[in-house]
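I have a structure here, written as structure tokens, and I will follow up with some questions on it.
Letters A, B, C, D, E and F mark the chains in the order given here, with residues in each chain numbered from 1 onward.
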Amino acid sequence: MLNNELPVTRDTLLNEVAARRHQGYRFVTVTCVDLGDRFDILYHFDKDYVLYNLRLSLGRTENLPSISSIFFAAVLVENELKDLFGIPVTDLAIDYGGRFLLSEGSPVAPQRKPDAPPAQPAQTKDGAVK
Amino acid sequence: MSKRTIIPFGPQHPVLPEPIQLRLVMEEERVVEALPAVGYIHRGLEKLVEKKDYNQCVFLAERVCGICSFLHSVTYCQGLEEIMSVTIPDRARFLRLIWGEVHRVHSHLLWLGLLADSFGFENVFMHAWRCREMVLDLLERTAGHRVMLGVSCVGGVRRDISDEGLADILRTVDALQKEFDEFVPVVLNDYSIKQRTVGVGKLTKEQAAELGAVGPVARASGIARDFRETGYAAYGEVGFKIVTETAGDCYARMKVRCGEMYECLNMVRRAVAAMPAGAINVPVKGNPTGEVVARLEQPRGEVIYYLKGNGAKNLERMRIRTPTFANLAPLLAMLPGCELADVPVIVLSIDPCISCTER
Amino acid sequence: MSASSKSPWIVHYNCNSCNGCDIEFVACLTPMYDVERFGILHVGNPKHADILVVTGSVNHRDVRVLRNVYAQMPEPKVVVALGVCTSSGGIFADCYNIFGDVSKVIPVDVYVPACPPRPEAMIDGIVQALGILERKRAGEVMPSAAKPVLTLRPTAAAEAAPAAAQAAEQGNA
Amino acid sequence: MTLTPQMLTVILAVVLGPILGALVSGLDRKITARVQGRWGPPIIQPFYDVLKLLRKEALGVNRIQIIYVWLHLAFMILTVVLLAMGQDMLMALFAYTFSSVALILGAMSVRSPYSRIGSHRKIMQMFAYEPVLILLIVGVYLITGSFQASSVAQQPLLVKLPLVFLTFLMAAAIKLEKSPFDIATSHHAHQELVKGITIEYAGPYLALIEITHFYEIFIVFAVVASFWATSPAIGLGLAAAGFLALIVVDNVFARLTPMWMLRYMWTVPLTLALSNIIWLYCA
Amino acid sequence: MIKRVFSNLFGSPATRLYPFTRREPFAGSRGQLKNDIAKCIFCGQCQRRCPADAIVVGKKPDKSWAFDRYRCIVCGYCVEVCPVKCLSMDPKHGD
Amino acid sequence: MQDYDKLLFAALILGPILFGALALISPSRGLRNAIVIIAAILTAGAGAFLITRTPLQFFMEPWTAHLATGLEFLIVLIVLGLAINIRSWLIAAMALIQLGLAASELLLPGQGGGTESAAPQFVVDNLALILVLVVSIVGSIICVYAIGYMKHHEQHAPPTAAGSGRFFFFLVGFLGAMNGLVMANDLKWLAIFWEATTLCSFMLIGHDRTPEAKNNAKLALLINTFGGLAMMVAGLIAHLSGHGENLSDLTAGWAMLPMALLCLAALTKSAQLPFQSWLLGAMVAPTPVSALLHSATMVKAGSYLVLRLAPAFSGTRLAVIIAIAGAFTFAAASALAIGQSNGKKVLAYSTIANLGLIVTCAGIGTPLAYAAGLFVLCFHAASKGLLFMCIGAIEQKIGSRDIEDMGGIMFLMPVTTVITLIGMGSMLLPPLGMLMSKWLAIESAMHAPLVLFLLVVGSALTVFFWAKWIGRIQTASYHREYKAEKLPFTILATLLLLVLAVVAGGLMTMPIFNAWIIPVVRGMTVAAWTADGLAQLDLAGQLPMWPFLVFLGLGLFVGLISFARFKEKNVREPFLCGENIQGGEHSYNFRSIGDSVNTAWSASYYMGSFFAESWLTPWVNLLAWMVILMLFGTMIGKL
């Protein structure tokens, strides 16, 4: 367990993130851990050298709402989640279409555990860009 | 056809030290839109923790990036030490600080050279890198390698510095101080350098806070945030002065880094003076269980390691968020509106380390 | 040595390198090592280059870039691969996004091992490449560089002390 | 056919011009290296470079660029010939300008963005230095009453054209692609445009551009020397001093932007040259 | 900057004329891995610890120690763990 | 005066008008085309034949003076009618004033007896001959070109467009009016033809009758009527003051005010700043009109008049101002051209600039300058006519006149593109005509610092806009398939004819200069010319051509050999930082964000912050008005 941790759900995520922003927190990053049956997604925020973490437990096929409308800086890491874990992130400010870090020839969603077949991310031939 | 110019800036571009592509949309030479395309250095090393045990991963962490290599491994080790509740010896903390700060000097000198190269000031580039050779020689003498120090381990450091070595450090630091005293004011007051950096790539304090800028980029915009203030390693004992500027342009970032170089030298001097005797590492037994977020200040800013262990020799998850990753969003805010000639200057002003960013 | 090997122009592509080799390569250009002594220029444009310096293990996105850069170089051309990542993937060999070593993409003429190699080693590698460039210029077809594995077998002296060896082996098991 | 002295001069200039230019270029690289604390390449390095390039594979993006590179060289030699014949300086300047224009057009004949941006910058460079060069010719005319290049040997021009001489050195910094004006292409190519205008030329074609550049260097320093054409020794000294000054300037300036160059060249040097010219009118 | 230019111009260059003049490597520098095979006991510790899988140790009966320097990251971990200290780091870099 | 001289005279002036009228009433297109071709051949032939007859003087029967008066009234009335028709009260007012002037000229007795002087009404001297040649040869070629052009235009023109018959009437008739203008010595006849060209241009610009065309036609009428007004005032003053109502007397008689007014008229006609707007507006017309207006006719009338007057005001303060006005136009129009991406506008500004050069030369007035002015006039007519014809053909093919759209035309229409490239090359390639004339002009301006400075600035700017345009149209990648180009025969033939003329003339600039221009200039007697000036002229003529031809030839020859030897295997993708997508004509594609396919594109620079028409125009117009005021300011001391 991390210090300053707050469990959130998909529905409360955006509100909580907005609350952090309101309290003057800085967006740090998002960490995703594949637990096998669910994804454990941690949103890290920082204020005065103290981390504040939101923990979201996401089902393997569920959509993840993007927080890039609240913290633009999150857009890159959310694209990364989409790439590496095959999590469908919705409403991205800039969508690299699953080709952010990976390219043609790369394995699909390589950091996703293999037990469940990945929900096919949007890997179009040319890569759809907004 | 359009009156807009669309060019790929990178990946193979001599002014960029590492492959990243910026798709620039320009009107004549004024950039109206810049979007990065990354993934040229994505190796996927986070997943390698599943194949290599946590001690081997010290070397893996060191090779996340060849410039701030030592500080990566230190962050990793600090994280593991926290999970495993290991207290490292005092001497190890001081050694980490010394190597860390010498490394920072090397990184900033490297950056200064590359920045000079980006605006075509070859002489500054050459001189910065010439000074940097002094630092690299020092690192090789004390740690055994110029770039990949390979001295970190979980529980302390692998290698001690003898008293003679400490004296050597002080001599080199004095020599560097002499070089800086001559060279840095010249660079900071040069007319043409000011022409190319003052007012270029502005990032206001609000933008920096909003977009989560870290490190010298944030400090140049007036945000006094530096993880060394939290006093990890021996920073608490040695004392530390934060360097900030308010203008938020490339020149301010240059000033911040130049100021930090002096500060690094001072810290090294104080650390050498206060160096405690004793062991340099403690044996670590068992395997890590639990999760932790380890953070410290790299030359480029705050680096974050999320580590999760489940009692096995291999970690379950390692996640690295590097300073450049955090600074990419501010970069995107700086680029539109600048001239094409300023693009490399602005890109280099955040001291990008793409290899860190993409892992 | 003719003019072609006295004026080698270099283009450098960093595919997937951790920067260690890159900065050491750039260090070769700086006053301490100054490879311009050999007429070497870092031109940055494959169309002007004679030597392609590659660093890093190649990932899937770099494959096409590396091929393009190589294809745009005029003959004769030589490839120098710096660092162990280029020859085997080094510590990253097992990463999921690694396509493989450089020789899987383009033919390599000189490998410079170590992680990262010292600038001196890089200069050695480039000087070696000059010889190859010269011979390619003369029309020779050069084989790709070899990566011999050093295999040592026990000598008689070592055989003489099997007991100690066995004891140590058991201790470590 | 007998060799007249004039023809001899022409032949000598055409043959020795690039050789001298290459030597100057080599010396430049050596001294620049020393200034940067490096050992530097051998002085005859430019010869190695050109010989190597000539033997490389001749690559291109399209065909049209090839014609222009030959025109680039041809008009540069023409400039040398015209000057060596003592012909009209303004016409020589036009021939010289067209030589640059040919390079620009060659670079523009490909759609490659780096090449095109480079050529636009080259146009801006021409636009920046052209007035200064014409004012130089005006100054010479006002002193000697003639446009003929042969007339410069009448008296030391430097005495009456000190400011024009200064501005010519600034223009020379542009022509030789020195900092702070190395915006269209540069020797080391660590700039935003990579190699800019010459980026799509490879092998022998690049060698032609290099040879043309040697001619250009030769012309530039010949003009510098001709500011004291009455005494070859002083003229050469002048050229050497100008050469050193250019290297020093190259090494104490960052590369500045095209817009800065335009603003600067159309204010400071132009004002200097014009005031020099105006006092000649008044005199 | 002009001062620097002239001091460089009239001073001697910083360049070390490698390969004509070679500097002795610093003691303790990690150049390349050497194995004193006479002392080696083929225990396989180095193989197990090597982060880059550069060492393959052949067990009985066909004992061998195979080292791929094209994989070695010269970290020195193997030297550290070697029980008989037959492994060492040569400060010279390879050839 | 021989009878066939009269015939020649009639063929040059009345011939085109007559054939134009025939074209107007011709029932079928085939017949009309034949008529136009015959008219072109006859006019051109007559013009060429005139060489053998120069110098000529035509003394008209006395009764023709009344004819002239009648025609003058008629034309002014037509203008008045048109003005009322298009509801332009300003033009109407000016026409009314003109009417008043014409009437007062009738009523008020002149001091010197006016038209009864012994001067010939029409004179063909060397200057007029050069103009006649330009008008009748280049003009005729354009008329023939128009046949092919209009066939296409009829299908694509807006439904409001007037009939092609009427178009050809004014187009061909224009040549007659123009010939009349350049041969006229009598101010009244000059004014008649002057107004006639104004009318023709009005009708031609408004041909499509779109709102824009109507507006621009109105603008052209307005500005040129203003010029006509100035001319009539000049005539009246000349009449009243007894300087003689003809050019030869005027030039001999130092009548400054009429001269200044005539210069003002000339400036409006040749679209010098601040009167440039009408010529830019004239772009809406079908391209043959632009070609005609810009090269052979209309604007040349203005520059002709200045050249005609030049010997008279040579050395006066008026000359200084005229030179400055021209040089300022040269520099400002070149600057304005940089900001334009509309190809025809670039050509228009280039025309304005080059006419400015002629005016400058006339103002400088030394023999060398005068020769330079003549040189510009000839070469500009040929090159600019050619360029307009090319751009017209290109525009009809690609449906745009924007420079940025002309990227791939090398494949679509290789022949036209190569001709266009030669045409553009002739504007800046030594030793071709335009560059040589610019050289002469700059050399002759050495003693006028301000003029010289403006010329230097202008010529530096000129390179900018030509280079980027040439760069755009010649862009070609190796792989693209060239398409066979189908051009209407008349267009192809005229293009080839003119390009041959341009190349041949361009390669023989110095022989032409020595054999023709120098004798023309030496044949003039101008008081202000010194032996020194004439010696300078000869010196300029001694520029050896052979080095140019040798090196141009060698460069092209070796270049073409390498061109031919360049093989497919030597083709590489352009440098796109390694992210090229392989393959054929799409070699400028690169992979970018999320592996998407992007096309690299580099637009030309228009330097919008410096050279934007919208903000530059008011400033340069202001300055130009100041120069115009200064023009009359010089008179105050004289009056």
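Going forward, a residue touches a chain if its C-beta (ideal position, glycine included) is under 8 Å from a C-beta of that chain, and two chains touch if they have at least 3 such contacts.
Everything numeric here is computed off the predicted structure, so don't read it as measured data.
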Pair with more cross-chain C-beta pairs in contact, given B-E and A-C: B-E
Chain whose mean Cα position lies farthest from chain E: F
Chain closest to the assembly centre - both centres taken as Cα means: D
Approximate Å spacing (C-alpha centroids) for the pair chain C, chain D: 40
Centroid distance [mean C-alpha coordinates] between chain F and chain B, Å: 65
Euclidean distance of C-alpha centroids - chain C vs chain E, Å: 16
Intercentroid distance (Cα basis), chain E paired with chain D, Å: 50
Multi-partner residues of chain F (at least 2 other chains): 407, 572-573, 575-576, 578-579, 591, 593-594, 600-602, 605
For chain B, residues contacting two or more additional chains: 5-7, 9, 11-15, 29, 35, 39, 42, 44, 47, 59-60, 63, 123-124, 126-127, 130, 133, 148, 190
Numbers and ranges of chain D residues touching at least 2 other chains: 33, 35-40, 57-59, 113-114, 117, 188-190, 194, 199-200, 202, 251-252
Chain-chain contacts as defined at top: A-B, A-C, A-F, B-C, B-D, B-E, B-F, C-D, C-E, C-F, D-E, D-F
Contact set on chain F toward chain A in their complex: 593-597
Partner chain B, residues of chain E touching it in the complex: 1, 3-5, 14, 26, 28-30, 49-51, 73-77, 80, 89
Residue ranges of chain C touching chain F (in the complex, touch as defined): 13, 45-47, 64-66, 68-69, 71-72
Contact footprint of chain D on chain E as seen in their complex: 1-2, 5, 8-9, 11, 13-15, 17
Complex contact set, residues of chain E against chain C: 13-19, 22, 31-32, 35, 37-45, 51-54, 63-75, 83-84, 93-95
